Amino acid sequence: MAQPGTLSPSVGVSVRLLTAVALVLLVVPHLVVVITSFDPTSAALFPPTGFSLRWYINALERRAFREALALSVVVATTASAIAVSAGTLASILVVRHQFIGRRVLITALQLPMMLPEVVLGLGFLILFTTWRMHVSVVNILLAHAVITMPYAVRVITANLQTVSPSIEEAAHVLGAGPLVTLFRITLPVIKPGIIAAAIFSFVVSFDNFTVTAFLVTSRGTLPIEIYSYIRTEGDPTIAAISTLLILASLTGVIATVRFVGFERITGTEGSA
Amino acid sequence: MSRWILGAPAVMLLGLLMAAVASVLTASLAPVAGIPLGHYQRFLSDPTYFAYITRSFRVASLTTAGALLLGYPVAFAMTRVSARTQKLLTLALILQFFSVNVTRIYAFVLILGNNGALNRSLLGLGLIDHRIPLIYNELGVTIGLASSALPFAVFPITTVLARIPASLREAAQVLGAGRGRIFWRIIFPLSLPGVSASAVVVFLYSLGAFATPLLLGGGFVDLIAVFSYEQAVNLSNYGFAAAGAVVTLSIAFLTVYVFTTVMDRWTRVA
Amino acid sequence: MIPAQTGLAARGHVQLKRVSVGYGGHRVVNEVSLDMPSGEFICLLGPSGCGKTTLLRAVAGLVLIEEGSIMIDGVETRGLPAHQRGIAMVFQDLALFPHMTVYENIAFGLRLKHLDRRAIDAEISSILMLLHLKELRDRLPRQLSGGQQQRVAIARSLVVRPSVLLLDEPFAALDRKLREELRREIRALQRRLGITVVFVTHDQEEALTLSDRVAVMNAGRLEQIGSSDEIYERPVSRFVMNFVGSTNFLSVADVERYDKETRCKLTGQLVILSTTKTPEKHQDRQYELAIRPERIRILDEVSPPTANRISGIIRDVTYEGASVIYEVELADKQRLLIRQQNTGEQQQPGRTQLGKSVVLGWAVEDAIIFAAAK
């Protein structure tokens, strides 16, 4: 009989094949991009015909990209700060308190994640136009905060649920008021969750294309700028930027895995 | 700690969301030159516009099927392989989730294009004699979407699979069941809630896709999000854009509702 | 506000007067009155759901009471938050702050009282010594063993100098040896510091060995309060007798109560008990004779005669090492258990005894009549 943890041969073959296909589908694209970034011709040929770093230089020199990157970082940082703050407080409310409408709130907090982005994008566009809010950065920022909040709530709620409420009671019995308990006990204990939530939110905001596209006026975030470049020039500069972003993503992945742990992400937590 | 203080910031953000959704509904319901529900009329009566819906649903369904077909084995494999391989797979899936959308789609442009990696390699190896059109059509868009949606497909299934106690499998083994039977009669039925959740997530995700059809579709595979974008941003037809989105969404939610109800009933009977 | 303990005056006198928690039909604690003098070690004992933990939390101020009053050292506690009651609490899961070291955990309560650093340091040093934690002061809770964590939780509570220490089944998760060790330690500590301790447990052995008095609770009510031997020897209700220690319950008929004795018929034979052991009023209901396994003797030629004699057949023998359990079937097919100490003088207990006819005896004071459980 199959040992736990090893894939037995007969069941394995078809499963292994499909898994291999899936892995290929996941990893190969990134590899192709990385390799293509070094091709000296502007046609972005694969296999590459030579080796050149000119696209990297072009990417780093281009002002539009630099400005777009700055905007993306500013928006992502601010939006995730808002989302994580609001999300942390909301998580505490939902996990530690009982009240009428608690279930409704739990569902509502997940709503932005469940609605298609086209509806969100269109909705924010119409809303902000109606409210005469014309500063696109602010609009994008607010929209991103709304979009990333469910991710923050999910991560922090999962973390908070592993913490027994008795430590808060113990603090109370020892004389700590609600604010002291919140800042000296609750928040420090869920710190890993907060950090993971911040990373998640940052990435979701940075990566966002659809909603941002609806709200952008002149200057865009990096994904928008990349898209424009693909449409207009289409040379391997994109591959160069993509490679740099892949590296950044890897860093983000490693950081998150360190703080959240594999089991929680894949949902296999609690199994043997 | 006062409940209101805890809930206020999140509720404000949600309020913003509700306002946005309400705006879409309101805009779509606005009368057009005196005709009530004019936007809906125009959208539903003209076949060119309605084609957006059929196209979107077609692509979404194919993507869901593809993502599940690939995602289920991956999820299953993840519960059975060594810890190291498991981590590798998880890493690949998380990387997918974390990688910037546009760059990921660009990768497919490079690979699937007529001058792209796949075609050039196959031609070079002599396996085909003319280029396979894998881009600027529904197939290309579907492949791109399925790849992006893979993490969403895999994780709900791994969650459910992990909850199936190993003792069920062992009990069946002791009773003499072979691996195939154990899978199809025990594991697969018990994993259906996860499959169903997966399907819903991927379906809604692909229905609302924007960047992928833009880049990989090249104008030939415009899904509903592209339609709304063009109407709203380029033509400032907010109401019309909204009507299209609302119609698509309504059908989508209806489909999901019917699907989950049928699945619930079926899994209970099974 | 009740000031921190300084003087030697008797402190920690807890008075519960008809305390009720919960609404109308669903009371978790139902009119419990209890007077705990200063310096007493009292156990709240009962099965899960009997309200003992809720009562403890009410004293702590974590739960609001609907009716009645809780007074600590003559001060009404209604409206007083937990930290102003002069109490401290050890939670069932210990509730140590995972992100703080042992030192910081213990210092937490002191820092909230705004004592200066040197005073805090001094207090903590002495409590660390008292609980043998000195080398562990910079460790995190997850780096400690179960017993060490317990001590830290106790230290954190004692350092704020409470008059009353509340403990909610703190040793439940520990293994036997550790539990016994910690029981002795907490008892010694309590005697030394002279504080009142209220200890919640469902383990009757723990309650009997630890406390000055035991309060047995059932379904929100206080069934009986008394010293360990009172609870064990003179239980006032069927519940108490059944919950504490093991008991045989046998159906009897024709119960008649006289001045000095009570008579009834067990398997048709006459049985006599002391009237003081019939707390239930004589009514027209089913009755049961309750007697503990160790109070029944198997009589042989050399045994002194007893007031009550009944014959039966041995159906099962269980060898426990220090004692032997016999399961005996009476004439009306009722079965009872007898526990005999293994003095080595009797015949070899074992399978040879099975099926043997024996005569059982017990003294008049050893049995009690209760109304049968419905």
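A, B and C label the chains in the order they appear, each numbered from 1.
In the analysis below, a contact is a pair of C-beta atoms (placed from the backbone, for glycine too) under 8 Å apart; a residue touches a chain by one contact, two chains touch by 3 or more.
This structure is a prediction, so every number in the text was calculated from the model and none was measured.
When each chain is reduced to the mean of its CA atoms, the one lying nearest the mean of all protein CA atoms is A. The leading chain pair by number of C-beta pairs in contact is A-B. The mean-CA centres of chain A and chain B are about 17 angstrom from one another, to the nearest whole unit.
Once the centre of each chain is set as its mean CA position, chain B and chain C turn out to be 60 Å apart.
Per-chain CA centroids place chain A at a distance of 55 Å from chain C. The residues of chain C lying in touch with chain A in their complex are 60-62, 81-83, 87-89, 91-99, 108-109, 112-113, 156, 160.
Taken together, the chain A residues at the contact with chain C in this complex read 164, 166-167, 169-176, 180, 184-185, 188-189, 191. Residues 1-3, 5-14, 16-17, 19-24, 27, 69-71, 73-74, 76-83, 86-87, 89-96, 98-104, 106-111, 115-117, 120-121, 146-147, 150, 155-156, 158-159, 162-163, 165-166, 173, 179-180, 183, 204-205, 207-208, 210-211, 214-215, 224-225, 228-229, 232-233, 238, 241-242, 245, 249, 252 of chain B are the ones touching chain A in the complex. Within the complex formed with chain B, the residues of chain A that make contact are 1-2, 4-8, 10-11, 14-16, 18-19, 21-23, 25-30, 32-33, 36, 43-47, 82-83, 85-87, 89-90, 92-93, 97, 99, 105, 108-109, 111-112, 114-127, 129-130, 142, 145-146, 149, 153, 178-179, 181-182, 203, 206-210, 213-214, 222-223, 226-227, 230, 238-239, 241-242, 245-246, 249-250, 252-253, 256-257, 262, 265-268, 270-272.
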